[in-house]
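Chain IDs A, B, C and D follow the sequence of writing; residue 1 opens each chain.
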Amino acid sequence: MSTTNDAGGVEFRSDMTVELVKSSASDSDVIWAARVSTKGESSLADIDADPERARGLINYLMRDRHGTPFEHTSLTYFVSAPIFVFREFMRHRIASYNEESARYRELRPVFYLPAVDRNLIQQGKPGAYEFVPGTQAQHETAVADITRACEVAAQAYQHMLDEGIAREVARTVLPVGTYSSMYVTMNARALMNFLSLRTTRPGTHFPSYPQREIEMVAELMEELWADLMPITYAAFNEHGRVSP
Amino acid sequence: MSTTNDAGGVEFRSDMTVELVKSSASDSDVIWAARVSTKGESSLADIDADPERARGLINYLMRDRHGTPFEHTSLTYFVSAPIFVFREFMRHRIASYNEESARYRELRPVFYLPAVDRNLIQQGKPGAYEFVPGTQAQHETAVADITRACEVAAQAYQHMLDEGIAREVARTVLPVGTYSSMYVTMNARALMNFLSLRTTRPGTHFPSYPQREIEMVAELMEELWADLMPITYAAFNEHGRVSP
Amino acid sequence: MSTTNDAGGVEFRSDMTVELVKSSASDSDVIWAARVSTKGESSLADIDADPERARGLINYLMRDRHGTPFEHTSLTYFVSAPIFVFREFMRHRIASYNEESARYRELRPVFYLPAVDRNLIQQGKPGAYEFVPGTQAQHETAVADITRACEVAAQAYQHMLDEGIAREVARTVLPVGTYSSMYVTMNARALMNFLSLRTTRPGTHFPSYPQREIEMVAELMEELWADLMPITYAAFNEHGRVSP
Amino acid sequence: MSTTNDAGGVEFRSDMTVELVKSSASDSDVIWAARVSTKGESSLADIDADPERARGLINYLMRDRHGTPFEHTSLTYFVSAPIFVFREFMRHRIASYNEESARYRELRPVFYLPAVDRNLIQQGKPGAYEFVPGTQAQHETAVADITRACEVAAQAYQHMLDEGIAREVARTVLPVGTYSSMYVTMNARALMNFLSLRTTRPGTHFPSYPQREIEMVAELMEELWADLMPITYAAFNEHGRVSP
């Protein structure tokens, strides 16, 4: 955790929180869902029959992009991240979301500050960017500018609330770097699609260039999922991280 | 069970099979999902705080149609029913399906036959039909016609397979009353939408007129769900069985 | 237009922009889509047969909530509004979105400022709020606090860009009141669902309490749609503004 | 057309009907939708600026799988095909459907019969099938078995209707080869996904093995779409027919 508190109660963080709240997701869910095609009503019977054949079947489904058997699974995550991350996240429509509401509650003044190792400089042209580290001076500039703007925003927000102005109006000054919290529920197929678009890895079939902050969230989600469905996870990586 | 076997291995049934294969669905899932709006990161903490307030919150969500908190749940059913039921079922797009494949396996010759208490006669005009019992003679006609057509279809199917013709071609003769099997996974919100459209009940806010056979499936699904989320289920009925 | 420019190029607005970019949506689209149920391949033939029967059919579909015939339509809007409006908008998953990107371009410093007639005070308790006008002093407080916070944010943003810091990092200071632009494409059924949740009207069957700013956008969208599908629009209002 | 009428009014067909009822879909729709990312509110202005750059942009979007700009389009097709084709078709959830109803109307006795050039024999094992022509004798067997089963089904259906039994009960005997009609509306992104899964082509990145009958429908749909969006269509083919 890299949070710091300043005098006015304002807090800055550089990390993301991801917790797996609950799940119903295992490799065997993929097996019986797929085998109903060929075995009909008896597909549940032979789930534990043969681990090696299970591996073969999951590899085949992944390679040939038979995606539906991966859908009979459900993972619910709790995520705390800046609003600009949630803005990108919620473009994924095959998922269920409930988020903290700035209409119904007063938001806490917690803001995102890039860590020292966050690449600050963008090079290249549209469609072919890369990010490289900034100088020490650039990092200090970013910290100073962000800190000041967030503090002024927090003061303006608090002042309006103190004067009796509605939360939904006062929140208009809060920056997109303000932390929010949500629950998100996805099935494993939608999760693989999310991971394929929101992480960068060597060996990926269709390269993607996500913003680092959503990738940090995606990496934590991936780690928590990998243990639940190890055969599926291995097949996903082996076949170029393309969602089936 | 009302299955009967005839000489040629053909089987007739009048009932539907619905099993709850797995689920991750409870009233408390609705509570923490809803409370993140007002409590942010601490919404998980007070799940078990106060059952009476839980009831109040779920009633409020149902009445005012805040539907998303009901989505962080997952129910997987195994269903065996005639193809014409699956045709209607799969029009529900917020769900995941895997079904027995007539391309990948030989279908078993199991067909639907209306039970004696199935209303056979439709009265009224488009948009305002009702169904009433047929005479004994009408029931016998239906049984005779259906039995014969299914037996001829089963013979033609088997004969083509015996002659080496591909399953996907031979199946063209199979009637829509042929039984198939599938797994379907839905969240509780999608399930309530399904139930509101595929059951008829007194006191329903928006009346619906489903075909009896899909209603039989829906009733079995409803029964299996009611025990998992009793507060939600009571609120659903109390507020006119409208999906929130 | 209520925009004002200050010295530093910062601009404040209180209004929303909504333009209908293109559409393929008419009452007759509903008619042929619905009549395929009963007329099969000849449903296109009698579109223009009888306006009075068209009205009757659309009323029936709306009342009994047969929603699918309203889906064979498409409306594309261009919308400029504050980010906090887009955050609510994009929770509607049955729609297609493309928005201005703060990763790919430098955002213009245009911010939302509540107009004098915007109710500033929230009264009541969760689930039963109402909004009432603020005093002149409260309005001045809001304007002063928002103006200052947005100007500081704009300066911090510009300063970071001048120092070579990447757009996607610098944008973290921009408030959720910053204007953005997007195209959104929806069918008439999804649009009715959006309108039912994002407008408040007397006579609405299921009352909704949207934030005023998204309601401003919704009202403009509604106006542009009403002329395209007048029979559908009248039926929507007559039946309590419930999406079919 | 390869339809034939027999004595009892029963009709057999081997072809599919696909008509483009209406569309709002052009390459320029992709351009302005994509350019809003980098040009904001002025993206509509330069649509016609430079055809060569339009081609470059669409190629880039296709290659890097930026799919959303292709969604602001709408195509409505009228399709007549056997029920077993519609069963596969409606598994595609990002689409709108309205189909002829066997509950609301009496279906016409029109059935599918494989043409002489339909490959009848399946060779290989699960996951690696190929289809090859049957012998003349096998074709005759198929025609004889299908004809007879369909005629018996049509008689049983008609007899039950004549005896006053409800359409929704009588239809249980109708084979999945019975022709039905529907309207389907899709955007170009969903259409490309459909085509990638329901056609087989050399050079396809992820090979697919659709049943021939749905491929016949897909090929007709493709042909009607290709002319509307020639640049998009060329890019789709060039990049391995993967839906972006």
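Methods note: contacts are C-beta pairs under 8 Å (C-beta built on N, C-alpha and C of every residue); 3 or more make two chains touch, one makes a residue touch a chain.
Keep in mind that this is a model prediction, so the values were computed, not measured.
J.: Report same or different for the chain A and chain B interface, where same means the shared residue numbers exceed half of all residue numbers found there.
T.: Chain A vs chain B: same; shared/all numbers exceeds half.
J.: Fit chain A to chain D on CA atoms, both being copies of the same sequence, and give the resulting rotation angle in degrees, nearest 5.
T.: 180
J.: Centroid of chain A to centroid of chain D, CA atoms only: how many Å?
T.: It comes to 35 Å between the two C-alpha centres.
J.: What is the distance, in whole Å, between the centres of chain A and chain B, each centre taken as the mean of its C-alpha atoms?
T.: About 34 Å separates the centre of chain A from that of chain B.
J.: What whole-Å value do you get for the distance between chain B and chain D if each is reduced to the mean of its CA atoms?
T.: 26
J.: Can you list every residue of chain A that touches 2 or more other chains, as numbers and ranges?
T.: Within chain A, residues 38, 68, 91, 97, 104, 126 contact more than one other chain.
J.: Within the complex, which stretch of chain C touches chain A?
T.: Going through chain C, the ones touching chain A are 82-84, 86-87, 90-91, 93, 97, 102-104, 111-112, 114, 118-122, 126, 131, 134, 138, 141-142, 145-146, 148-150, 152-153, 155-157, 159-160, 163-178, 211.
J.: Of all residues in chain A, which touch chain B in the complex?
T.: Against chain B, the touching part of chain A is residues 17, 21-24, 29, 32-34, 36-41, 44, 68-69, 71-74, 76, 78, 80, 96-101, 104-105, 108, 180-183, 185, 187.
J.: Any idea which chain B residues touch chain C in the complex?
T.: 38, 60, 64-65, 68, 91, 126-127, 206-207
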